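Questions regarding the structure given below will be posed in turn.
Labels A, B, C, D, E and F are assigned to the chains in the order they are written; within every chain, residues are numbered from 1.
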Amino acid sequence: MGDVKCAFIVQKPQYKGETSRLAMTHALAYQTVEILLEDGDTVTPSLCFVGEGVLGITKGQKAMDIYGITSSESHLKNCLLVDLDVYVCKEDLDKFGISVDQLPDAEEMGAEKTINVVPFSEIAKKMDEAKHVLFF
Amino acid sequence: MGAITMGVYPGLVGSASYDFAIKFAGAAAKKGHKVSMWFSGNATGSVKAHQKHLKDYSTGEKYLTELLAAGVEVCTCEACTVARGVQKTESIEKIQWNAMHWYLARIHSADRVLLIGGE
Amino acid sequence: MSLGVFVSDYKLSSDTLERLDPGKTGVILVLNGVWHALLKESGKASSLLDRFSKVYALSEDIETRGMLPAQVDGRVKVVNYDGLVDVVFNEFEKIAWL
Amino acid sequence: MGDVKCAFIVQKPQYKGETSRLAMTHALAYQTVEILLEDGDTVTPSLCFVGEGVLGITKGQKAMDIYGITSSESHLKNCLLVDLDVYVCKEDLDKFGISVDQLPDAEEMGAEKTINVVPFSEIAKKMDEAKHVLFF
Amino acid sequence: MGAITMGVYPGLVGSASYDFAIKFAGAAAKKGHKVSMWFSGNATGSVKAHQKHLKDYSTGEKYLTELLAAGVEVCTCEACTVARGVQKTESIEKIQWNAMHWYLARIHSADRVLLIGGE
Amino acid sequence: MSLGVFVSDYKLSSDTLERLDPGKTGVILVLNGVWHALLKESGKASSLLDRFSKVYALSEDIETRGMLPAQVDGRVKVVNYDGLVDVVFNEFEKIAWL
């Protein structure tokens, strides 16, 4: 079957239930899935943040200091580090008044990828192209 | 017949979306489809054996056991489960324990994927 | 028809649904989502029914709530769990739970 | 301390999570609380349904047949049977187009109380009069 | 000093409102207030002992144990708990097991009541 | 001030808040509720801040999200968990979690 593309659409804000955080941890698992697949088979998630899902992904989070848990920022950086494609909806950032500067990158960790801030139409295209769409 | 992979995330005892997942999986299996269920987040609490089935609680062990008997494959996220204090030895029999890539692998082979993630 | 979206709540907590192309999207009302097929809020049916031309609702969830399939808006196709399985495999290319 | 009045305000619809159902089962427990209190001490909840909380309390529910669980209708009847005061917001019923005829009573079980359909102002008064307010 | 009775309903491992309840209870106890917590619904799953504390999961046994040591009273709804397959013998020590009227009784003696019921 | 209402979400899923008398009600923003004190949606601060004159927000939940108390709307009083305990016991007669 070769590669199966999935669109992971995060629409719930971070730090409520676990769902929006699980989007990132499940996406990260794409690195190890080959253990369970035939040679040449892969699963490639695109991680897209839309609507309220853009809340809680900015940099400078103190979740570990305050609540003793890994921050969403840290998970997001790990996603970049393992070369996942990450998209954040531009219209939603604008609507909430969040600037692109507030988003983290993982350059200091050696990541080559950065977050792509894109119009919703680009995210809709990812959903069209994907075999499966998962809302988190 | 097709294959469907269902992710059940914060579905819980007493949660209507968990009930839906169980009933839908049963209906799909009955029609001859291959059904694989992945429990993550709070759904993993539901793999604990020896649940007392009270009429006030919408789901429980007996439905999971029926699904397993009907050939539905159920796998729980090991990390999520032990975080809740439930050990493998305390699990309902025939439920698999694995890591998140199990879910992605079952997504690979599925015709349909339904992630029930709503809180 | 490409994407079948499950709606399980009455109050829509997500803007995503409004942004999906109704030409490529259908709606499956389950759990408290079935209220969209039943209620006329201030005399008006849910805007979901205006927006999407392909809408299903689950009969078991209608009856659980003490309502009857006969009370459902005429634009909605009522199916049971058994029928829903066919909808999922035959009517859409992919499905998602919003 | 004598009697402590509580306003139980149900604002989530039935049949999603457990919260709105737990409002009824906890209210029912007022019958047995005296076991744990001094003589003469009581707790009296008023059970009020507002907003989306009025969804899922109408009669004719088939929850036991379909999902194997006690229906919200049945819990509500039990509340009437043990003489709890139950209020349902008239404006919200009207808004959703639910008629008073659709609400259950527990006459056949011998209940003397019936559901009070009242304007929201009455429910606000219950909140004012209560020592504690609990939203479900 | 005052007395506060907190109801924790669908608060869960991984749920921010559960974390809030735990932290607020600790802060109130530290100030000398009497704190009583009632777990019902899915919060009852959290009384299971031997939880593995992973950094990805916001709450766990260690916080509850600290609260109990600080004099916070915690009681779980027995019916809700056994429905989830957790028996009294598997519970974190010093957590009380009782029925719903325990909560109402603690409401009777409280200066403030905070029911955290959000899903 | 009689009732202190905890708001823990940004999207308000409940109509109840709009119906409470602002003369007798204050608001305590915690968890994702703190976004009401931080965001200006389409340039406008949350309507909660216009409606209620007594509004608190929890500093730990602001910082968890990578924001700073300095970014908070001037009408909101920022307290930490320790201060919140005093708010609960001293500033309101009763409290509720919406």
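Heads up, the rule we're going with is that a contact is a pair of C-beta atoms (placed from the backbone, for glycine too) under 8 Å apart; a residue touches a chain by one contact, two chains touch by 3 or more.
The model shown is predicted, which means the values in this text are computed figures rather than measured ones.
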(request) Kindly list the shared contact partners of subunit D and subunit E, in label order. (result) B, F
(message) Give me the superposition rotation angle from subunit B to subunit E, based on Cα atoms, as a multiple of 5 degrees.
(response) 180
(message) Please tell me whether A-B or A-F has the greater number of C-beta pairs in contact.
(response) A-B
(message) Over half of the residue-numbered contact pairs in common: that is the test. Which of A-B, B-D or A-E passes it against D-E?
(response) A-B
(request) Let me have the rounded angstrom distance from the C-alpha centre of subunit B over to the C-alpha centre of subunit F, please. (result) 38
(message) So the centre of each chain is just the mean of its C-alpha atoms; given that, what is the distance between subunit B and subunit C in Å?
(response) 24
(message) How many angstrom lie between the centres of subunit A and subunit D, each centre taken as the mean Cα position?
(response) 42
(request) Give me the residues of subunit D that touch two or more other chains. (result) 15-18, 25, 52, 67, 132, 134-135
(message) Residues touching two or more other chains, restricted to subunit B: which are they?
(response) 10, 12, 14-17, 23, 41-42, 56-57, 112-113, 115, 117-119
(message) Give me the residue numbers in subunit C that touch at least two other chains, ranges are fine.
(response) 9, 11, 31-32, 60-61, 94-98
(message) If we count contacts the way the header does, which residues on subunit E are in touch with subunit A in the complex?
(response) 12, 14-17, 19, 23, 55-58
(message) Under the definition above, what is the set of subunit A residues touching subunit B in their complex?
(response) 1, 4, 6, 12, 16-19, 22, 25-26, 28-30, 32-33, 35-37, 41, 43, 45, 132, 134-136
(message) Can you tell me which positions in subunit E touch subunit D when the two form their complex?
(response) 7, 9-10, 40-42, 99-105, 107-110, 112-113, 115, 117-119
(message) For a test of understanding, state which residues of subunit E touch subunit F in their complex under the given definition.
(response) 2, 4, 16-17, 20, 23-24, 26-28, 30-31, 33, 111-118
(message) Quick check on the complex: what are the subunit C residues that touch subunit A?
(response) 2-3, 14-16, 19-21, 24, 94-98
